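Dropping the structures in below, format is C-alpha coordinates.
The two complexes that follow have chain A in common; it is paired with chain B in the first and with chain C in the second.
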Partner chain A sequence: MPSCPPETDGDYPWTEEVLPTRLDIIPEAETAVLSALENLGYDEDHWFAVRLALEEALVNAMKHGNRMDPSRTVRMAYRVAPDRVDIRVRDEGQGFNPQGVPDPTTDENLQRPCGRGIMLMRSYMDSVRYSCGGNEVHMVKYRQPRQGGMAP
Partner chain B sequence: MSEEPEIIQVVDRSGVKLVRIRPSAILREAEVESFGDGLLALAEVPGQRVVLSFLGVQHLTSLVLGKLIHVHKRLAESGGELRLADIDPHIYEVFAITHLDRLFRIFDREDEAVASFIAEAEA
Partner chain C sequence: MKIQTREEGGCQVVAIVGSADVGASAALREALLGAIEGGAKRLVCDLGRTDFICSDALGVMITAYLKARTRGGAVCLAGPQDHLRDVLQTTRLDHLFDVFADVATAVRCCKAPQG
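Up next, the complex of A and B:
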(Lines of atoms letter the chains of each structure in order from A and count residues from 1; the text may use other names and numbers.)
(Lines give C-alpha, C1' and ligand atoms only; values in the text may rest on other atoms or scores of the structure.)
Protein backbone atom coordinates (compact mmCIF):
# COMPACT_ATOMS: atom_id res chain seq x y z
CA MET A 1 0.00 0.00 0.00
CA PRO A 2 1.45 3.41 -0.88
CA SER A 3 2.26 5.58 2.05
CA CYS A 4 1.16 9.20 2.22
CA PRO A 5 2.39 10.40 5.60
CA PRO A 6 1.16 13.82 6.67
CA GLU A 7 3.72 16.59 6.50
CA THR A 8 4.84 18.04 9.81
CA ASP A 9 4.20 21.47 11.22
CA GLY A 10 6.04 22.28 14.41
CA ASP A 11 3.37 24.34 16.14
CA TYR A 12 0.38 22.26 15.24
CA PRO A 13 1.42 18.65 14.78
CA TRP A 14 -0.74 16.02 13.18
CA THR A 15 -2.55 13.49 15.28
CA GLU A 16 -3.01 10.13 13.64
CA GLU A 17 -5.42 7.39 14.63
CA VAL A 18 -5.87 3.92 13.23
CA LEU A 19 -9.54 2.98 13.26
CA PRO A 20 -11.13 -0.42 12.83
CA THR A 21 -13.62 -0.75 9.99
CA ARG A 22 -16.69 -0.32 12.16
CA LEU A 23 -19.27 2.37 11.56
CA ASP A 24 -20.19 2.51 15.22
CA ILE A 25 -16.82 3.99 16.18
CA ILE A 26 -17.25 7.02 13.90
CA PRO A 27 -18.91 9.28 16.50
CA GLU A 28 -16.05 8.64 18.91
CA ALA A 29 -13.47 9.38 16.20
CA GLU A 30 -15.24 12.62 15.37
CA THR A 31 -15.25 13.72 18.98
CA ALA A 32 -11.46 14.08 19.14
CA VAL A 33 -11.40 16.31 16.06
CA LEU A 34 -14.39 18.39 17.08
CA SER A 35 -13.00 18.92 20.58
CA ALA A 36 -9.87 20.37 19.01
CA LEU A 37 -12.03 22.80 17.00
CA GLU A 38 -13.92 23.80 20.10
CA ASN A 39 -10.70 24.42 22.02
CA LEU A 40 -9.55 26.87 19.36
CA GLY A 41 -12.87 28.70 19.25
CA TYR A 42 -14.13 27.64 15.83
CA ASP A 43 -17.77 28.60 15.38
CA GLU A 44 -20.84 26.44 14.89
CA ASP A 45 -20.69 26.65 11.10
CA HIS A 46 -17.16 25.26 11.02
CA TRP A 47 -18.11 22.60 13.54
CA PHE A 48 -21.06 21.47 11.43
CA ALA A 49 -19.02 21.48 8.22
CA VAL A 50 -16.09 19.52 9.61
CA ARG A 51 -18.32 17.01 11.34
CA LEU A 52 -20.33 16.34 8.20
CA ALA A 53 -17.31 16.09 5.90
CA LEU A 54 -15.38 13.89 8.31
CA GLU A 55 -18.30 11.54 8.76
CA GLU A 56 -18.81 11.25 5.01
CA ALA A 57 -15.11 10.56 4.50
CA LEU A 58 -15.00 7.89 7.20
CA VAL A 59 -18.19 6.20 5.96
CA ASN A 60 -16.83 6.20 2.41
CA ALA A 61 -13.51 4.75 3.57
CA MET A 62 -15.18 1.95 5.50
CA LYS A 63 -18.07 1.12 3.18
CA HIS A 64 -16.68 1.77 -0.29
CA GLY A 65 -12.94 1.58 0.38
CA ASN A 66 -12.59 -1.25 2.87
CA ARG A 67 -15.96 -2.76 1.91
CA MET A 68 -16.64 -3.27 5.62
CA ASP A 69 -13.83 -5.84 5.80
CA PRO A 70 -13.02 -6.06 9.54
CA SER A 71 -9.44 -7.06 8.79
CA ARG A 72 -8.81 -3.66 7.20
CA THR A 73 -8.28 -0.36 8.99
CA VAL A 74 -8.80 3.32 8.27
CA ARG A 75 -6.11 5.87 9.05
CA MET A 76 -7.40 9.25 10.14
CA ALA A 77 -4.97 12.11 10.62
CA TYR A 78 -5.93 15.61 11.64
CA ARG A 79 -4.34 18.92 12.50
CA VAL A 80 -6.30 21.80 13.94
CA ALA A 81 -4.54 25.18 13.80
CA PRO A 82 -6.01 28.61 14.54
CA ASP A 83 -6.44 29.38 10.84
CA ARG A 84 -7.21 25.97 9.28
CA VAL A 85 -8.28 22.41 9.87
CA ASP A 86 -6.63 19.59 7.92
CA ILE A 87 -8.03 16.08 7.82
CA ARG A 88 -6.74 13.04 5.99
CA VAL A 89 -8.60 9.75 5.76
CA ARG A 90 -7.05 6.72 4.09
CA ASP A 91 -8.53 3.28 3.55
CA GLU A 92 -7.00 0.00 2.40
CA GLY A 93 -9.20 -0.42 -0.64
CA GLN A 94 -8.46 -0.32 -4.36
CA GLY A 95 -9.02 3.39 -4.66
CA PHE A 96 -11.40 5.03 -7.08
CA ASN A 97 -11.71 7.85 -9.57
CA PRO A 98 -13.61 10.69 -7.88
CA GLN A 99 -14.31 12.22 -11.30
CA GLY A 100 -16.28 9.08 -12.14
CA VAL A 101 -18.95 9.72 -9.52
CA PRO A 102 -22.07 11.03 -11.29
CA ASP A 103 -23.45 14.44 -10.35
CA PRO A 104 -26.32 13.65 -7.96
CA THR A 105 -28.02 17.00 -8.57
CA THR A 106 -28.93 16.46 -12.21
CA ASP A 107 -32.54 15.62 -13.00
CA GLU A 108 -31.70 12.06 -14.05
CA ASN A 109 -29.72 11.40 -10.86
CA LEU A 110 -31.80 13.32 -8.34
CA GLN A 111 -33.66 10.22 -7.19
CA ARG A 112 -30.60 8.01 -6.96
CA PRO A 113 -30.18 7.12 -3.29
CA CYS A 114 -26.37 7.40 -3.28
CA GLY A 115 -23.53 9.60 -4.53
CA ARG A 116 -23.97 12.64 -2.32
CA GLY A 117 -21.17 12.09 0.20
CA ILE A 118 -18.34 13.43 -1.94
CA MET A 119 -20.48 16.33 -3.05
CA LEU A 120 -21.17 17.29 0.55
CA MET A 121 -17.47 17.03 1.43
CA ARG A 122 -16.62 19.36 -1.45
CA SER A 123 -19.38 21.76 -0.54
CA TYR A 124 -18.51 22.08 3.12
CA MET A 125 -14.71 22.00 2.96
CA ASP A 126 -12.51 24.54 1.17
CA SER A 127 -10.30 21.91 -0.41
CA VAL A 128 -10.85 18.19 -1.05
CA ARG A 129 -8.11 16.28 -2.84
CA TYR A 130 -7.65 12.59 -3.47
CA SER A 131 -4.28 10.93 -3.68
CA CYS A 132 -2.64 7.53 -3.35
CA GLY A 133 -4.75 6.21 -6.21
CA GLY A 134 -7.96 7.50 -4.73
CA ASN A 135 -7.88 5.81 -1.36
CA GLU A 136 -6.74 8.84 0.60
CA VAL A 137 -8.62 12.11 0.85
CA HIS A 138 -7.10 15.32 2.21
CA MET A 139 -9.62 17.97 3.24
CA VAL A 140 -8.97 21.51 4.42
CA LYS A 141 -11.32 23.96 6.10
CA TYR A 142 -10.09 27.52 6.65
CA ARG A 143 -11.35 29.70 9.43
CA GLN A 144 -11.69 32.61 7.00
CA PRO A 145 -13.21 31.99 3.57
CA ARG A 146 -10.65 31.88 0.77
CA GLN A 147 -10.92 33.53 -2.63
CA GLY A 148 -11.62 30.99 -5.35
CA GLY A 149 -13.99 28.70 -3.47
CA MET A 150 -13.90 24.94 -3.56
CA ALA A 151 -11.18 22.70 -4.80
CA PRO A 152 -11.74 20.97 -8.14
CA MET B 1 -32.59 0.37 33.46
CA SER B 2 -34.45 2.63 31.02
CA GLU B 3 -34.94 1.47 27.46
CA GLU B 4 -33.78 3.58 24.54
CA PRO B 5 -36.85 5.19 22.96
CA GLU B 6 -37.78 4.18 19.43
CA ILE B 7 -35.89 6.10 16.78
CA ILE B 8 -39.12 7.40 15.29
CA GLN B 9 -42.52 8.09 16.78
CA VAL B 10 -45.58 8.00 14.53
CA VAL B 11 -48.86 9.72 15.31
CA ASP B 12 -51.97 9.92 13.15
CA ARG B 13 -53.34 13.35 12.27
CA SER B 14 -56.58 12.96 10.31
CA GLY B 15 -55.10 10.18 8.23
CA VAL B 16 -51.73 11.84 7.79
CA LYS B 17 -48.87 10.03 9.48
CA LEU B 18 -46.73 12.51 11.40
CA VAL B 19 -43.29 11.11 12.12
CA ARG B 20 -40.96 12.63 14.68
CA ILE B 21 -37.34 11.61 14.99
CA ARG B 22 -35.68 11.05 18.33
CA PRO B 23 -33.26 13.99 18.66
CA SER B 24 -29.58 13.20 18.17
CA ALA B 25 -30.56 9.82 16.84
CA ILE B 26 -29.62 9.28 13.22
CA LEU B 27 -25.90 9.07 13.52
CA ARG B 28 -25.03 5.45 13.41
CA GLU B 29 -25.55 2.90 10.70
CA ALA B 30 -27.86 0.75 12.79
CA GLU B 31 -30.00 3.75 13.58
CA VAL B 32 -30.14 4.84 9.96
CA GLU B 33 -31.35 1.37 9.02
CA SER B 34 -33.97 1.43 11.76
CA PHE B 35 -35.02 4.91 10.68
CA GLY B 36 -35.41 3.82 7.05
CA ASP B 37 -37.23 0.61 7.94
CA GLY B 38 -39.70 2.51 10.10
CA LEU B 39 -40.52 4.89 7.28
CA LEU B 40 -40.71 2.13 4.70
CA ALA B 41 -43.25 0.32 6.86
CA LEU B 42 -45.53 3.33 6.50
CA ALA B 43 -45.13 3.17 2.73
CA GLU B 44 -46.76 -0.27 2.69
CA VAL B 45 -50.15 1.44 2.91
CA PRO B 46 -51.19 2.60 -0.58
CA GLY B 47 -51.54 6.36 -0.90
CA GLN B 48 -50.04 7.01 2.52
CA ARG B 49 -49.34 10.65 3.27
CA VAL B 50 -46.37 11.16 5.59
CA VAL B 51 -44.93 14.23 7.27
CA LEU B 52 -41.44 13.80 8.68
CA SER B 53 -40.50 16.35 11.33
CA PHE B 54 -36.80 17.06 11.87
CA LEU B 55 -37.43 18.96 15.09
CA GLY B 56 -34.36 18.63 17.31
CA VAL B 57 -32.24 16.95 14.65
CA GLN B 58 -28.89 18.70 14.43
CA HIS B 59 -26.97 16.38 12.15
CA LEU B 60 -27.48 14.06 9.24
CA THR B 61 -25.42 12.42 6.56
CA SER B 62 -25.80 11.25 2.99
CA LEU B 63 -26.87 7.86 4.34
CA VAL B 64 -29.99 9.50 5.72
CA LEU B 65 -30.60 11.37 2.47
CA GLY B 66 -30.43 8.05 0.65
CA LYS B 67 -33.05 6.58 2.96
CA LEU B 68 -35.35 9.55 2.44
CA ILE B 69 -35.08 9.22 -1.32
CA HIS B 70 -35.86 5.50 -1.08
CA VAL B 71 -38.94 6.20 1.04
CA HIS B 72 -40.02 9.02 -1.26
CA LYS B 73 -39.88 6.71 -4.27
CA ARG B 74 -41.71 3.88 -2.50
CA LEU B 75 -44.49 6.20 -1.38
CA ALA B 76 -44.78 7.82 -4.79
CA GLU B 77 -45.17 4.41 -6.43
CA SER B 78 -48.34 3.83 -4.42
CA GLY B 79 -49.74 7.33 -4.77
CA GLY B 80 -48.47 8.57 -1.43
CA GLU B 81 -46.06 11.36 -0.58
CA LEU B 82 -43.42 12.32 1.95
CA ARG B 83 -43.24 15.95 3.09
CA LEU B 84 -40.65 17.38 5.46
CA ALA B 85 -40.86 19.99 8.20
CA ASP B 86 -39.05 21.68 11.10
CA ILE B 87 -35.65 21.52 9.48
CA ASP B 88 -32.77 23.28 11.22
CA PRO B 89 -31.05 25.88 8.98
CA HIS B 90 -27.83 23.86 8.85
CA ILE B 91 -29.73 20.74 7.82
CA TYR B 92 -31.79 22.69 5.31
CA GLU B 93 -28.57 23.80 3.68
CA VAL B 94 -27.68 20.13 3.11
CA PHE B 95 -30.98 19.66 1.27
CA ALA B 96 -30.36 22.77 -0.79
CA ILE B 97 -26.78 21.83 -1.72
CA THR B 98 -27.88 18.41 -2.88
CA HIS B 99 -30.93 19.92 -4.66
CA LEU B 100 -33.21 17.67 -2.66
CA ASP B 101 -35.26 20.73 -1.80
CA ARG B 102 -36.54 20.23 -5.36
CA LEU B 103 -37.55 16.66 -4.68
CA PHE B 104 -39.29 17.16 -1.34
CA ARG B 105 -41.89 19.68 -0.30
CA ILE B 106 -40.46 21.28 2.83
CA PHE B 107 -42.50 23.23 5.38
CA ASP B 108 -41.41 25.44 8.25
CA ARG B 109 -43.54 23.56 10.78
CA GLU B 110 -45.06 20.12 11.02
CA ASP B 111 -48.57 21.53 11.50
CA GLU B 112 -48.29 23.38 8.19
CA ALA B 113 -47.20 20.22 6.40
CA VAL B 114 -50.07 18.19 7.88
CA ALA B 115 -52.53 20.96 7.04
CA SER B 116 -51.31 21.02 3.44
CA PHE B 117 -52.19 17.36 3.00
CA ILE B 118 -55.61 17.80 4.63
CA ALA B 119 -56.40 20.87 2.54
CA GLU B 120 -55.56 19.01 -0.64
CA ALA B 121 -57.77 16.08 0.37
CA GLU B 122 -60.69 18.42 1.04
CA ALA B 123 -60.26 20.43 -2.15
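Up next, the complex of A and C:
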Protein backbone atom coordinates (compact mmCIF):
# COMPACT_ATOMS: atom_id res chain seq x y z
CA MET A 1 0.00 0.00 0.00
CA PRO A 2 1.48 3.36 -0.95
CA SER A 3 2.23 5.79 1.81
CA CYS A 4 -0.47 8.45 2.21
CA PRO A 5 1.57 11.65 2.45
CA PRO A 6 4.82 12.90 1.03
CA GLU A 7 7.60 12.35 3.52
CA THR A 8 8.46 16.02 3.92
CA ASP A 9 6.91 19.33 3.03
CA GLY A 10 8.97 22.43 3.75
CA ASP A 11 10.01 22.94 7.34
CA TYR A 12 7.25 20.81 8.78
CA PRO A 13 7.65 17.18 7.83
CA TRP A 14 4.92 14.59 7.96
CA THR A 15 5.10 11.99 10.69
CA GLU A 16 3.63 8.64 9.80
CA GLU A 17 2.67 5.88 12.19
CA VAL A 18 1.35 2.41 11.44
CA LEU A 19 -1.14 1.48 14.13
CA PRO A 20 -2.51 -1.94 15.00
CA THR A 21 -6.27 -2.28 14.84
CA ARG A 22 -6.81 -1.88 18.56
CA LEU A 23 -9.01 0.75 20.15
CA ASP A 24 -6.78 0.93 23.21
CA ILE A 25 -3.95 2.33 21.10
CA ILE A 26 -5.96 5.43 20.16
CA PRO A 27 -5.13 7.63 23.19
CA GLU A 28 -1.42 7.15 22.59
CA ALA A 29 -1.80 8.04 18.92
CA GLU A 30 -3.78 11.13 19.83
CA THR A 31 -1.18 12.22 22.37
CA ALA A 32 1.52 12.30 19.71
CA VAL A 33 -0.51 14.65 17.52
CA LEU A 34 -1.84 16.80 20.35
CA SER A 35 1.63 17.27 21.82
CA ALA A 36 2.71 18.75 18.51
CA LEU A 37 -0.21 21.20 18.69
CA GLU A 38 0.74 22.22 22.21
CA ASN A 39 4.34 22.77 21.19
CA LEU A 40 3.21 25.27 18.56
CA GLY A 41 0.82 27.07 20.89
CA TYR A 42 -2.53 26.03 19.45
CA ASP A 43 -5.38 26.92 21.80
CA GLU A 44 -7.85 24.67 23.62
CA ASP A 45 -10.49 24.96 20.92
CA HIS A 46 -8.07 23.64 18.28
CA TRP A 47 -6.87 20.96 20.68
CA PHE A 48 -10.43 19.75 21.33
CA ALA A 49 -11.40 19.87 17.65
CA VAL A 50 -8.36 17.93 16.47
CA ARG A 51 -8.72 15.37 19.25
CA LEU A 52 -12.37 14.79 18.45
CA ALA A 53 -11.86 14.53 14.70
CA LEU A 54 -8.84 12.26 15.08
CA GLU A 55 -10.65 9.99 17.52
CA GLU A 56 -13.60 9.67 15.15
CA ALA A 57 -11.34 9.01 12.17
CA LEU A 58 -9.33 6.34 13.96
CA VAL A 59 -12.40 4.62 15.40
CA ASN A 60 -14.04 4.62 11.96
CA ALA A 61 -10.89 3.20 10.37
CA MET A 62 -10.63 0.40 12.92
CA LYS A 63 -14.30 -0.45 13.41
CA HIS A 64 -15.85 0.18 10.00
CA GLY A 65 -12.78 0.04 7.74
CA ASN A 66 -10.75 -2.79 9.20
CA ARG A 67 -13.74 -4.32 11.00
CA MET A 68 -11.51 -4.80 14.03
CA ASP A 69 -9.44 -7.36 12.11
CA PRO A 70 -6.16 -7.57 14.07
CA SER A 71 -4.25 -8.54 10.93
CA ARG A 72 -5.01 -5.14 9.41
CA THR A 73 -3.36 -1.84 10.26
CA VAL A 74 -4.27 1.84 10.19
CA ARG A 75 -1.85 4.38 8.79
CA MET A 76 -1.96 7.74 10.50
CA ALA A 77 0.08 10.63 9.15
CA TYR A 78 0.15 14.14 10.52
CA ARG A 79 1.89 17.43 9.99
CA VAL A 80 1.56 20.29 12.44
CA ALA A 81 2.66 23.67 11.11
CA PRO A 82 2.16 27.09 12.70
CA ASP A 83 -0.80 27.86 10.44
CA ARG A 84 -2.45 24.46 9.89
CA VAL A 85 -2.76 20.90 11.05
CA ASP A 86 -3.01 18.11 8.47
CA ILE A 87 -4.05 14.58 9.38
CA ARG A 88 -4.48 11.58 7.16
CA VAL A 89 -5.94 8.28 8.30
CA ARG A 90 -6.06 5.25 6.05
CA ASP A 91 -7.48 1.80 6.67
CA GLU A 92 -7.31 -1.49 4.81
CA GLY A 93 -11.02 -2.06 4.43
CA GLN A 94 -13.37 -2.06 1.45
CA GLY A 95 -13.88 1.69 1.46
CA PHE A 96 -17.23 3.42 1.46
CA ASN A 97 -19.16 6.30 -0.03
CA PRO A 98 -19.23 9.12 2.53
CA GLN A 99 -22.15 10.70 0.65
CA GLY A 100 -24.21 7.64 1.54
CA VAL A 101 -24.03 8.22 5.28
CA PRO A 102 -27.36 9.55 6.59
CA ASP A 103 -27.41 12.97 8.20
CA PRO A 104 -27.53 12.20 11.94
CA THR A 105 -28.88 15.64 12.81
CA THR A 106 -32.26 15.21 11.13
CA ASP A 107 -35.23 14.57 13.39
CA GLU A 108 -35.71 11.03 12.08
CA ASN A 109 -32.08 10.10 12.82
CA LEU A 110 -31.63 11.90 16.11
CA GLN A 111 -32.29 8.78 18.19
CA ARG A 112 -29.84 6.59 16.28
CA PRO A 113 -26.94 5.69 18.58
CA CYS A 114 -24.44 5.53 15.69
CA GLY A 115 -23.42 7.53 12.64
CA ARG A 116 -22.15 10.83 14.06
CA GLY A 117 -18.43 10.40 13.48
CA ILE A 118 -18.15 11.84 9.98
CA MET A 119 -20.48 14.71 10.81
CA LEU A 120 -18.35 15.60 13.83
CA MET A 121 -15.17 15.45 11.75
CA ARG A 122 -16.70 17.77 9.16
CA SER A 123 -17.99 20.12 11.85
CA TYR A 124 -14.78 20.45 13.82
CA MET A 125 -12.22 20.47 11.01
CA ASP A 126 -12.00 23.03 8.20
CA SER A 127 -11.61 20.45 5.45
CA VAL A 128 -12.42 16.72 5.34
CA ARG A 129 -11.83 14.84 2.12
CA TYR A 130 -12.01 11.15 1.34
CA SER A 131 -9.96 9.40 -1.30
CA CYS A 132 -8.82 5.92 -2.28
CA GLY A 133 -12.45 4.78 -2.52
CA GLY A 134 -13.17 5.96 0.99
CA ASN A 135 -10.22 4.24 2.60
CA GLU A 136 -8.36 7.43 3.36
CA VAL A 137 -9.48 10.67 4.93
CA HIS A 138 -7.47 13.88 4.84
CA MET A 139 -8.47 16.48 7.41
CA VAL A 140 -7.19 20.02 7.82
CA LYS A 141 -7.58 22.44 10.70
CA TYR A 142 -6.37 26.02 10.25
CA ARG A 143 -5.23 28.19 13.10
CA GLN A 144 -7.16 31.14 11.70
CA PRO A 145 -10.63 30.79 10.21
CA ARG A 146 -10.52 30.88 6.42
CA GLN A 147 -12.42 33.49 4.43
CA GLY A 148 -14.28 32.43 1.31
CA GLY A 149 -14.29 28.67 1.62
CA MET A 150 -11.80 25.88 1.90
CA ALA A 151 -8.16 26.16 1.10
CA PRO A 152 -6.53 23.55 -1.13
CA MET B 1 -12.18 8.48 32.98
CA LYS B 2 -13.84 7.80 36.29
CA ILE B 3 -17.53 7.26 36.89
CA GLN B 4 -19.05 8.27 40.20
CA THR B 5 -22.64 7.38 40.96
CA ARG B 6 -24.83 8.66 43.75
CA GLU B 7 -28.48 9.15 44.55
CA GLU B 8 -29.77 12.65 44.88
CA GLY B 9 -33.38 13.81 45.21
CA GLY B 10 -34.77 10.57 43.86
CA CYS B 11 -32.44 10.61 40.86
CA GLN B 12 -29.49 8.42 40.09
CA VAL B 13 -26.67 10.83 39.29
CA VAL B 14 -23.84 9.44 37.17
CA ALA B 15 -20.84 11.77 37.08
CA ILE B 16 -18.41 11.28 34.19
CA VAL B 17 -15.05 12.60 35.31
CA GLY B 18 -12.42 13.07 32.61
CA SER B 19 -12.68 11.99 28.99
CA ALA B 20 -15.65 10.05 27.65
CA ASP B 21 -13.63 8.60 24.78
CA VAL B 22 -14.07 5.31 22.96
CA GLY B 23 -12.05 3.49 25.60
CA ALA B 24 -14.46 4.64 28.27
CA SER B 25 -17.64 3.63 26.48
CA ALA B 26 -17.89 0.15 27.97
CA ALA B 27 -17.71 1.46 31.52
CA LEU B 28 -20.16 4.22 30.70
CA ARG B 29 -22.56 1.72 29.16
CA GLU B 30 -22.33 -0.49 32.22
CA ALA B 31 -22.95 2.44 34.56
CA LEU B 32 -25.92 3.91 32.68
CA LEU B 33 -27.65 0.76 31.54
CA GLY B 34 -26.87 -0.94 34.82
CA ALA B 35 -28.58 1.87 36.71
CA ILE B 36 -31.67 1.62 34.52
CA GLU B 37 -31.81 -2.16 34.80
CA GLY B 38 -31.38 -1.71 38.54
CA GLY B 39 -34.62 0.26 38.63
CA ALA B 40 -33.50 3.89 38.30
CA LYS B 41 -36.31 5.86 36.71
CA ARG B 42 -34.66 9.26 36.56
CA LEU B 43 -31.02 9.34 35.56
CA VAL B 44 -28.85 12.46 35.46
CA CYS B 45 -25.53 12.39 33.59
CA ASP B 46 -23.33 14.91 35.36
CA LEU B 47 -21.03 16.32 32.67
CA GLY B 48 -19.59 19.11 34.78
CA ARG B 49 -16.18 17.46 34.95
CA THR B 50 -16.26 15.81 31.54
CA ASP B 51 -13.57 17.34 29.34
CA PHE B 52 -14.13 15.32 26.17
CA ILE B 53 -16.84 13.24 24.55
CA CYS B 54 -16.81 11.17 21.36
CA SER B 55 -19.62 9.84 19.21
CA ASP B 56 -19.33 6.42 20.81
CA ALA B 57 -20.08 7.84 24.26
CA LEU B 58 -22.91 9.92 22.82
CA GLY B 59 -24.30 6.70 21.40
CA VAL B 60 -24.21 5.09 24.83
CA MET B 61 -26.15 8.00 26.29
CA ILE B 62 -28.74 7.74 23.51
CA THR B 63 -29.08 4.00 24.13
CA ALA B 64 -29.63 4.72 27.82
CA TYR B 65 -32.19 7.41 26.95
CA LEU B 66 -34.14 4.99 24.76
CA LYS B 67 -33.98 2.20 27.31
CA ALA B 68 -35.14 4.48 30.10
CA ARG B 69 -37.97 5.79 27.98
CA THR B 70 -39.32 2.32 27.24
CA ARG B 71 -39.55 1.87 31.01
CA GLY B 72 -41.25 5.20 31.54
CA GLY B 73 -38.09 6.84 32.81
CA ALA B 74 -35.81 9.67 31.75
CA VAL B 75 -32.15 10.48 31.16
CA CYS B 76 -31.10 14.11 31.48
CA LEU B 77 -27.76 15.88 31.12
CA ALA B 78 -26.32 18.38 33.57
CA GLY B 79 -23.55 20.93 33.58
CA PRO B 80 -21.78 20.47 30.25
CA GLN B 81 -18.89 22.88 29.84
CA ASP B 82 -18.34 24.89 26.67
CA HIS B 83 -16.82 22.18 24.47
CA LEU B 84 -19.38 19.57 25.42
CA ARG B 85 -22.22 22.02 25.08
CA ASP B 86 -20.96 22.78 21.60
CA VAL B 87 -20.88 19.07 20.71
CA LEU B 88 -24.46 18.68 21.92
CA GLN B 89 -25.54 21.64 19.81
CA THR B 90 -23.58 20.49 16.76
CA THR B 91 -25.15 17.04 16.89
CA ARG B 92 -28.55 18.53 17.81
CA LEU B 93 -28.67 16.13 20.73
CA ASP B 94 -29.69 19.10 22.85
CA HIS B 95 -33.02 18.60 21.06
CA LEU B 96 -33.20 14.99 22.25
CA PHE B 97 -31.94 15.37 25.80
CA ASP B 98 -33.05 17.85 28.39
CA VAL B 99 -29.83 19.67 29.24
CA PHE B 100 -29.62 21.57 32.54
CA ALA B 101 -27.02 24.01 33.78
CA ASP B 102 -26.22 22.02 36.91
CA VAL B 103 -27.07 18.82 38.75
CA ALA B 104 -29.35 20.49 41.28
CA THR B 105 -31.56 21.88 38.53
CA ALA B 106 -31.50 18.58 36.66
CA VAL B 107 -32.54 16.65 39.74
CA ARG B 108 -35.40 19.06 40.28
CA CYS B 109 -36.59 19.12 36.67
CA CYS B 110 -35.68 15.76 35.13
CA LYS B 111 -38.94 14.22 33.98
CA ALA B 112 -39.89 11.43 31.63
CA PRO B 113 -40.66 12.67 28.10
CA GLN B 114 -44.30 13.01 27.15
CA GLY B 115 -45.84 10.69 24.60
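As a convention for this text, the second predicted complex is superposed on the first by the 139 of 152 C-alpha atoms of A that agree within 3 Å, B and C clash if a C-alpha of one lies under 4 Å from a C-alpha of the other, contacts with A are read in each partner's own complex, and residues count from 1 in each chain.
Heads up, the rule we're going with is that a residue touches a chain if its C-beta (ideal position, glycine included) is under 8 Å from a C-beta of that chain, and two chains touch if they have at least 3 such contacts.
Keep in mind that what you see is a predicted model, and the values were worked out from it rather than measured.
Participant: Superpose on chain A as described above, then tell me if chain B and chain C fit or clash.
Facilitator: clash
Participant: Which partner chains sit in contact with A:A81 here, chain B, chain C, both or neither? Use first/second/both/neither.
Facilitator: neither
Participant: Determine, under the contact definition given at the top, whether A:E56 touches first (chain B), second (chain C), both, or neither.
Facilitator: Both partners, chain B and chain C.
Participant: Between chain B and chain C, which residues of chain A are contacted by each of them?
Facilitator: 23-24, 26-27, 44-45, 48, 51-52, 55-56, 59, 104-105, 110-114, 116-117, 119-120, 123
Participant: In the complex formed with chain B, which residues of chain A make contact?
Facilitator: 23-24, 26-27, 44-45, 48, 51-52, 55-56, 59, 104-105, 110-114, 116-117, 119-120, 123
Participant: Per the contact definition, I'd like the list of chain C residues that touch chain A in the complex.
Facilitator: Checking each residue of chain C against chain A gives 21-23, 52, 54-56, 58-60, 62-63, 65-66, 83, 87, 90-93, 95-96.
Participant: Quick one: in the complex, what on chain A touches chain C?
Facilitator: 23-24, 26-27, 44-45, 48, 51-52, 55-56, 59, 104-105, 107, 110-117, 119-120, 123-124
Participant: Contact residues on chain B for chain A in the complex?
Facilitator: 27-30, 59, 61-63, 65-67, 69-70, 72-73, 90, 94, 97-100, 102-103
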